[in-house]
Every structure is written in structure tokens, then in C-alpha cells.
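Below: one structure, written as C-alpha cells.
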Amino acid sequence: MNNNIFHPFVLPFVLGMAFVLTYCVVGLIRVIWQLPKEDRKQFLISLVTPKTIWANIRDLFGDCLFHVKIWKRNPLLGYMHSSIAFGWFMIIVIGHVMLFTLKPLEGVEVEGFARSFTNFYYPIFYKHFATETPVFAFLMDFFLLMIISGILIAVVKKIYSKIVGVKRVTKFGFADNMVRFALWTIFPFRLIAEKSNIMAFWWLYSIDLMIFMCMLPFTRYMHIPTEALFILLRHAGLKAREPRKGFALAQLYSCPSCGLCIDACPMSVNDQKSGNTSAYFMKILRNGDTAEAQRIAETCLMCGKCVLVCPVSIESCDIKFSQRAAVPYEIHSDHSYLDVISTEAERSGDPSGARAFTFGEKISTKPKTLYFAGCMTQLTPKIMRSMKQIMETAGENYDFLDKDGGVCCGRPMILSGKPAEAQAMIAKNTELIKQSGATKLVLSCPICYKVFKEEYHLEGIEILHHTQYIDELVKTGKLKVGKGEVNYVYHDPCELGRAFGVYDEPREVIENVGNLVKAKSEKVESICCGGSLGSFRLTQQERDEITQNSVDDLMFNKPDEIVTACPLCLKTFSKKSPVAVKDIAEVVVENLQANN
Amino acid sequence: MIIEGKQKIWADYQKDIPDDHYFYVRSCIRQAFWPGSEVTFLDITRNKLGKDFYENPYHTTCGGIAYHSDTIPQETAMTIIARQFALMKESGYENYVCSCITSFGCYTETLETWHEYPELEAKIRQYLWDSCKKEFAKPKYLAHASDIIYKFRFEIAKQMKFPLVNVKTGKPLKVVEHIGCHYSKMFPSKGFGGAEYPHVLVGMIEAWGGEVVDYPERRHCCGFGFRQYFVQGNRGYSESNTYKKFESMEPYEPDLIITNCPGCPYFLDRWQYVIAEQTGKTYGKNGYGIPALTYEEVAGLVMGYDPWDLGLQMHQVAIEPLLEKMGIPYDPKKKYQGVNGKDLGQPQCPSCIKSV
Amino acid sequence: MDFGFCLSPSSHVKMDSVDLTTFNRLKETNPDVNTCIACGSCTATCTAGNFTEMSFRRILLMLQRGKEEEAKKMIQRCMLCGKCTLVCPRVSTFVRFC
Amino acid sequence: MKENIIIIGGGAAGMEAATQLQKLGLTPVIIEKSNALGGHIAQWDKLFPAFHNAKDVVSKMFDNVKDIKTYLNTEVTDIQRNADGFHAVLSNGEAIDGKAVVLATGFDLFKAERKQEYGYGIYNNVITSLELEKFFRTRKDERINNPKKIGFVHCVGARDVKVGNTYCSKVCCTTALKQACEMKEVFPEAEVYTFYMDLRMFGPGYEDLYLKTQKDYDVKCIRGRVCEVSEDMDGRLVIKAEDTLFGKPLRMTLDLLVLMCSMEKNKSIDKIQRQLGIENNSDGFMQNRDMYLGMNDSKQEGVFVAGTCTAPKSLPDTIGEARSVAVEVFNYVNNK
């Protein structure tokens, strides 16, 4: 068509492309530079480890191009994303392939630097410069139309978001809207330009590309290039340490502000509070408003649902932890008083009045199973009593670690962003547990369970949540339960379900003692009870709204009773529930068979 | 401040003071620390006001210090008091005037106790007879020496040469009045003006041209407290009470403290030195303290007595700034000369509070 | 000069000069701290209180009575277990100090 | 023709309102859901502050209403407003018309098991104030077995956002002291403790009761709220509280713990209340027209409220309101 290999309309595009490439390279160096030394090393090693290479490739394609996670959530939404991302990718790839197959360029010899410069923009505007073969023409048009179909869905979504199963969407500022508009118009302009070859549309197309690329770093669309880096860093097994540096920075820029977490967040039950959700947190922190980011970080319940629904797998809770830790405390914990606590054996003859924990008081031999009720369970004596009965009925050789009050597990301290200050408690509990000689540790509080699993070094000691323990007792026949007629609904505690995927054991236990009915949202999707220790800022009223929403969700199939496996959930639900709320241990005790 | 409210209280708490013929007993502490005070009192009342004051040379302590330090039982203290009353009877007087507030408290307490428990009075009568072969009569009137000055404050004002006025500014001096706790806190009806707003010193200050400073810790004890002071290790407690009073009066910038108790002028005076040594802080202007005087010394000053004849050199806090404010002439050279020009010796110069 | 004794610090709560900065800051993030009715539930249930002197009720009072240093000393002992928040009849939210 | 006045609830308020309305020449009809008149007060043994027999008061009330038409074991299932007043359908199939409706539906006692940390229904020796009252009447309760140490917990389900009740239940303080004295009479050897946040002795003679509690009965009042109860090896109760006046956490072993349960709105009337358009106030009780001059009046014409359906009240308060509502109804019917 046109044998010239240059036309001024390519300049805006070239400019934009040069800018965005420079920005990305600088950003990449910055992120890697900011990584702590050991993290950087770990990252570089991961790039050459076959296992991670494979995972990287899988996710780069699966997440960045095909958006598999979004497909799973809502196929239409998945199509919308992957049509644009994959379509665009294919157009670029095919464009380049074409560039090589068509060589030499008709009538023009371009070599060396000029050649590579030409390469840069040629496939983007190829129809202006060259004619193609029918196969390529079909492919290029096919993918272009694919992109435009995706954009059409996006436009409809903008007007009516429920079509893709999204209730609430993130609200954007001027820059984001402008780039979105640019993105929406790039491909229609290209289509018109290609089909009509009107110069004005080539210009519009190129300028649109320039706007898109120049403004990209300042908008949520920066997630497109950043996500690739984030996937590599994530597969290297890194964790966010500082809220706006290194890995966290990569995550901040990888957040597409898609808003999937807005609907997921329990706080969104009140529309006015949806500003507290991760999508906004990431945006606000990215923009550098640390005070507001701190406020949100302290408001968050840390239920972890936003992390699991995130299509990009951003660990927003980790970033919130690092934000919490970033604000220096004036006060440093002093738990040295824990030193006075010892086991009886050590303390005999000690007149200092130190507190002693006694093991094996009830039974002559050392306990095999140690039960740690935890602080919260101290306030729900029903759970302790039920556990005692279960262990006695099953004939277990057990004892309580904290019958008369114990040492906090340390999880709340970690939740508040002070992991180092939890160490004294962790050390004391570790010491007491090891001294007991037990081989199995049973916890009825998921808050404790999480920290015991993640932070404690209890080699040779099996750590079980009581749902798992009871399930085991029932399955091994140590505990005989009867099936009643009651319809139960099970609430997944955040730190048991989402944190460790313990979804099946409690359900199996309940199915053994009664009928399990489904909640509206289950497992990953279950809604935090609102009582979480994670939040420092929610008012009673805000918590009540969350609790009510969660209860309503559980009551969806009109169960007779709500069963949970966390003392905090139990207490929180009791306030709002129209039906009885019970711990799983309590329900099991109610259905114990007489012939145990 | 609603002055009418105070006036109503003052009107409610009045007592009868006889016009003449008094039996006078001295104060152990005052004659040791402020010897000029009692001399001045007797001089004013006898020679300037023409009253009959009799002193019996055989009178002793009232036993108050030992009593309040828990070293003698109440019966012993009462027997000592009964002996004083017996001396009064023997001397032919029935109006008993004591110089000491502690004594005043003890006498009042004893008389009130006897009133409530006549059998105790009979028992003491027996004790006195057994020990001294004396018989006592209860005084018809009991007064503190400050009550006498209060009664005759306007007569004194008539003879006044140097009113409580700053001669440089013409403004009244700001005067803190401090009443001994045992004057009326135990028996409010026995003191002029009662316990909350005693009028005894306020009346003098106002009659002599001064302005009373009513500061928040006005009611607080000077900190003497007998037991607290006598044990060295406990003196910090005593000092802290005085400190609290000074911290409270400081913003009012008082020119003078006037007291009617033996211990109070002593502690309000000496603790200023100790506080200055310990904290570096002084409460008067330019590194001076606030003079804490007895009411007799103040009466003597306004009537034109020579400051050194009044014994004002016995005060730790330098008196000179006050004398200059009031326009009272004095000879600095004579400060440390006693009666008949005898050299008293000079105090070692304190490091923080000015003594001259 | 050593007198063998010294001024004893005043035991009074000096409400006129109490510095409420810390308490007010706490109040900003957690208005509930004003609603204490001194029932003592927090002290009684306290996990740390099992082993050492610890009273959330008194910490709030100390901060309002100018005893900030004492308060901070006591706060250090907190394990943040949250039981106090659960038993409190007035407030709902976990307090993050300073 | 005499005018029917529908009174829902046959407790103290309902009976007294009916008595007064009858005297004023109207025809009250009492509809009571349980099998007897008397409401909560009929379950009470003695009344504070002077230990009057509740029975004496209640039996006089029964006498007063013996000629008044009363439906027992009956609930109002539906109520509609019509031109002449109200048309109520009863659970026994009958229907009655009335010029006005008086809601005297009273209160529900707070369900003590909701305060889980107190272990009601878990530990043997934790009982409620109502159960203790029953014990005083019958002297039978296997949980009360010659206790040596007895504790009373005030404000159970009151002044507590954790159960959603922020109000003061008004009568529990005085009731606790009354019951504490009575326990001392039954078990003179026992030590009796009450755990309070504030002692609200608001009425005539109540402060005297407090004094008597301390002086004559040696009941010990500890200013601190019990926050945890557990059981020791012997099945005795170990309670935790702070002695706030002393400033130290306190632990004590008790043989019996009595929970002073608060009053809550009677929820069984919710449907009828909705039909009549009566809203709840912020405490969850029925909203009256105004706090001062419209105490017994509701925002809906012809619907009146009396007694503890609007807020926790003592018996004298309730009787006063019942009499007041009678006058309100009388004026309403006559001015229509």
C-alpha cells in the first residue's frame, strides 16, 4: 500500500513506548534494589530453579494473559479480561512474526539500527505500511475483533456491573478514567484506521496509545506490566516486610483495583465502609497517604478473604501487617514477668510465690495429649467442659495446659504488628509444652492454632485444632456419636478455614451428629463474624453490622443451630443470632452415644 | 469571694474576752525561739494598753508536746494543767491567757473533757492533791494571747506608727495569715471566726492596714505535727507540708506571713532555708524569703518598736526588705547585737537564700 | 547540704497540670476509652494479670491523672490477648496504645 | 352502652389498669397469654424495700379484677383498626371490639445463659434472681444446698453493650440487696457478697435497705463486676472480679452465685405491636409519646402503654402508670 517505512503519526506511539519502557526498567531495578539482601538472593536463585521456572511460566500465561482465576469466578468477567489481554498479546506477537515473514520490506532495504527502530512500531501500524497474506490478515482481524468484544463487555460492565457478578466496583479518579477511555478507544480507532486508512484515525490511534502508555504508571493499569514481576517475586516465596518497598511495592503496583475484594470484604456490608477494603488500601498506600493507609490497616479484620479472592493473589494482609509494624510504638512490651512461671517439678520448694503449671495431676502418667484452651476459651467455659468430656469419654491420657489461666499464644501481638514482642510468650508456652512430655497438642481456638502452626517450633508434637482432633477420635472409633435430627449450619472461622483450609473435618464431624445445611457463603467465601481481634478501629456498631450480615448468611437455609469452632465467633454470634450458637465440641457432647 | 459570707461566719464565731486582769502563761517554744515576742506582748498590754497581766514564776510547760508526741498519757497532761490552774487560783486570777497554741488546745480539750466526764475531773483533782497537795479552780475565761491582741487591735491601730502599707507604692502589704491548727480546728467555737475562716489574725491585718492573702492551701498545717518533726528521718514529710503551702501562696507574692502559733513561724521560716538549699528555690523577691513573723512582732513593728529589740534577727529569713517596704528605720550594724550590745554571733551564710 | 531528709513528692493528683496528650491521642483512635464505668472486668479477666500487676482500668485512669510513666510501665506487660475487650460491658474495640 | 377497653397483659399493670377503668365506668377486658393473672410479680415472694409479701399485694389485685372479663391462655393473634376503634381476633377463635387498646405486656427476664462467662446452665450452682425468689417461696431448689458463701452479680444483661442492652434495669440493685438479706435469714452462717458497678438506691426506703443490708445483715458489697466464673475440683464456683476500690483483681470461691437478670422487652407481642404501629425506643422497649406528659400514651391514637413494656420499672412505678393510663383512656373515650 505504502512503501514508505515512516510516517510522523508513529511518533506519539514511539514516545509513549519509550517512556513506559524506561519507567518499567527503572521501577524494576528499584524494586529489586529495595529487596533485603537475603530476599534478593532467594529471588535470583528462584529464577533458575526449574520448579519455579515452570510455575512462573504457568502463571505468567495463566494469570497475565488468560486470567484463569477470573474465569473461575465469573466466565464473562474472565472473557472480558483475557480477550483484551490475550488478544492484544497475540496481535503484537503475530505482528512481529509477520514482520519477519514479510521481509524484506517491500521495496525498501532497511538495515542495522534503522531496522530495529522500524521493528519497534512497524507491527503496530503495519497495515499502513504493508499488505499482508490472507492468513495473517484473518488472524490479525480475528484478535482485533476479540479485543473489541472484550471492550464492549467492559463498557456494559461500567454501566451495569452486576452482569459480571460484581455488586460494587472501585471508584476511580480522573487519571484512571482517562486511561480507561484511551484503552477503550485504541482498538476501535485501529480498526477504523486499518479498514479506511484515513490518516486522522491513524493519528488518533497513535495518540491514544501514547496517552495510554504515558499515563499508565500513574494509574491502576500499571498492574499490567507489574504483575509479571510480582508473579516472579511471589514464586520466589518472598513476604512483604516494609509497606512501600520491594516486594510490597511490586504488589501495590500489581493491584488492578478491580474491586473483587470490595464485595468479598465483610466491612462492605455497610456501603460507607467499603473504602476500608483492600482495593482502596492498596491505592491509597500506592499514592503515599500513609496516615490513611495506617487507618485502614488498623481497621481491617484480617479475615483474609480479600487475599483468597484476589485474581492477582496479592497478599494484602501481609502489607497491612507491615504497615502496622511501620508505625513505631512508644512502648515496648516487657514480658519478663513470665519467668516466674514454671512447671511444678521445677518449682518445688520455691518460696517466691511463682505460678506453677501442673501436669499429670489427674493421672499418674505424663499426659499424651495436652489441651490448650487459650484466652478466649476461658470465657466460654462450655467449650472447655465439652472438650474435657470428649477427652474423658474417648479415654484419652490428657491434661490441660491452662486450666487456671495460661500465657497468651502470641497471635494477637503478631496481629498488632509486633511479631518480635510475641517471642517471650511463644518461648514460655513452648517451654511448658515441651516439659509436659505430650505428643499431641489440641487447641480449640483457631487464633491460637494459627500461631502454633506458623510460629512455634514444636518438633515431634502434633498440633491439632479440636475439629480435627474430634474428627480423628470419631473416625478411629474412640468416640461414638449418634446422629440427631438437628439441622446445623457450620461457620468457618477465618483463621481455621481460609488460613489452613480446614473445611472438611468439622463438616464431617457435624454430618456424623446431625444434618449439615449449607450457608449462603461457605468455606473460602465464609464471612467473618465481626469479632476479630485483627481490628483496632471498628466501632461496636460497625462490628454489629458485620455480625448481622454473617448471621443472615448462615441463616440462609434456616438451620436450627449455628455451629462454629472458634470461641470468639461463638461469643460474637450469640449476640445477634436468632437460633442457638454452639461450638462443635458442645454439639458432639450433646450427641455422644451412651455406650462409649 | 463573697466577703459577706465570711463576715457571717465571723459573727457566728465570737467569744467573750474579759477586759482586764489576766493570768499569763508562757510558751516553751516561743520563749526559746522568739523571746522578743512574749516580752513585746507584755510590754504592749501592760504599758501601752494599761492592762493587768500576772505571771507566776512557778508555772511550767503544759505538757502539750509530750502529750502530742504520745510520750505521756492524757491524765498526766491534765494534772500538769490542773497545777497551772491551781497557780492561777493561788494568784487570785480567773482569766487564763496562754501564749502557746498547743497549750490553748490542751487547755480547751481538758476543760471540755472535764465538762463531759466530771468523774475524770474529780480523778485529776485527786491526782493533783496526791502529787502537789494543790487544789485548782477552773478559769472563768480561757483565751489565747492572740485573742487579747485581736480584742485590742483597734487600740493598737490608734497608736500605730508604721501601718502595713508599702511606703513606696502606698498599697497595703499582702499578708498571709497562718493560724495554728490547735487554735480552732479542734473546737471551732473557741476561736475567733471558727475553724474554716479564723478571724483572729485577719482582724489584726485589716485593722493595721494590710491586705489578707486568701490562697488555696491557707487551711493547711505548717507541717510541724510533733511526731513528724521530732524524728529526723520523718522531717521530709514535715517539710513537704510547708513546701505545699509555699507553692500555693507563691503566685500571690505575699510580703509577710503572720502567725499565732509557736511552731508555725519556726517552720515557715526555717523550712524556707532548707527548701532553698535542697531545691534552689526562694519565695520572696530577689533571692529573699517571705518573712514569717509572730503577731506580737508585727504589732511591735507597726507600733514603732525597734526591729532588733523585737528579736527579728532571730528569723532565718531576712527581715530587711520588709522593714524597707514599711519604711521602718533600722541599724544594720545592730542586727546581731543582743541586749546591752552583746554580740550574738552571725549565722553561717546560707548558699541559696539571702540572709542580709 | 545533706539534711538527712528530703522533700517527699506530692501524692496528689494534680488535675490542673495533667498532660492528656497521650490519652487524647488514644481517644482519637478509640473514643470508647471515655466510656469506662470502672467495673473492673478487664482487670479481673486479664491474662497478664494472672502473673503480674496489670489493670487496664487503672491504665486508663493513670493516663487521665498524669501518671503516664506508670501507665506505660504497666502497658508493657499487656499480651494483647483481647479478653478485656470481650468482657467489657461498654467498649468493643481492642485498644492499640500509642 | 359501656365501652370495651382491650387490655393486653394481665400482670400488675394490666390488672390495676382494668380495676381503675372499671371504676371509671368503662368495660375493660383482660387478655392474658399464660394460665393465670399476676405476671412476674406473682412469682415473687417478698417485695423490696420492706419485705412485704408479694402475695398480699397480688391477692388484693386479684380481688379487684374478679368481676372483670378475663381471657386466660389467650393471645391476640390479629388486631385491626376500624371506625369504632379496634377489632381483635383471639387465639381461642373469639373476636372482640374495643374503643381503645392498653398494652400492658410487661417484660421478659434476660436469658442468663447469654452471658456465657457466668456459666448459667453449665455450672450447678449458678442461679437467677427469679429462681432464688422461687426458692424463697418453696424452699426447694437442689442447687441451694446450705451454701457457706453466696455471691450476687448485678447488671446481668443490663448496662452491657456485649448483649446489646445499654440501659439500667432499675430494680435489680434493690432486689439484690433484698435477696441478700433474705439469704442471710435463711442461712445465717453464710457469707453474702454482692458485686456491683453502682448501687442505684433510687426510691423511698431503698437507701435504708442498703444500710440495713450492711448493718444488720453484714452483706458485703464489692465494687467490681464479675467477669469470669469457673468451677474448681469440688464443683464450687471460682469467680473473678476486680475489687475496684482496692484496685486489685480478686478471686473468690463461692457455693452459690445469683445472677440479677435484667428486664428485656417482651418479644411475644412484637407482631401485634407492629400491627398497631408502635415503634421501639433505643433500648428496644415500646416507645411512648413523650417522656413526661405522654408517658402512657403512644404515637398511635387509641393505643396506650403501661408498665414495663416501655422501660424497666419497679412495682410502685408500674401501679402508678396503670392508674395513670386509666385516666388517659377515660379522657380519650369521653372526648371522642
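We call the chains A, B, C and D, going by the order they appear; numbering starts again at 1 in every chain.
Going forward, a contact is a pair of C-beta atoms (placed from the backbone, for glycine too) under 8 Å apart; a residue touches a chain by one contact, two chains touch by 3 or more.
Note that the coordinates shown come from a computational prediction; the quantities given were computed from them, not determined experimentally.
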Min distance from chain CA centroid to global CA centroid: chain C
By C-beta contact count, A-C versus A-D, the higher one is A-C
Expressed in whole Å, how far the mean CA point of chain A lies from that of chain B is 82
Taking each chain's centre as the mean of its CA atoms, chain B sits from chain D at a distance in Å of 66
Note: chain D sits from chain A at a C-alpha centroid distance in Å of 50
Chain A and chain C have mean C-alpha positions lying a whole-number Å distance apart equal to 37
Listed in rising order, chain D residues that touch 2 or more other chains are 117, 161-162, 228
Listed in rising order, chain B residues that touch 2 or more other chains are none
Contacts with two or more other chains occur in chain C at residues 45, 86-87, 91-92
Pairs of chains in contact here are A-C, A-D, B-C, C-D
Counting only contacts in the complex, chain A reaches chain C at residues 298, 329-335, 337-338, 340-341, 355, 375-376, 378-379, 404-408, 410, 412-413, 415-416, 418, 425, 533, 535-540, 543, 568, 571
Within the complex, chain D is touched by chain A residues 378-382, 385, 540, 570-571, 574-575
Residue set of chain C touching chain B in the complex reads 1, 3-8, 10
In the complex, the residues of chain C that touch chain A are 29-32, 45, 47-48, 50-52, 72, 75-83, 85-87, 91-98
As the complex stands, chain D meets chain A at residues 114, 116-117, 119, 122-123, 161-164, 228-231
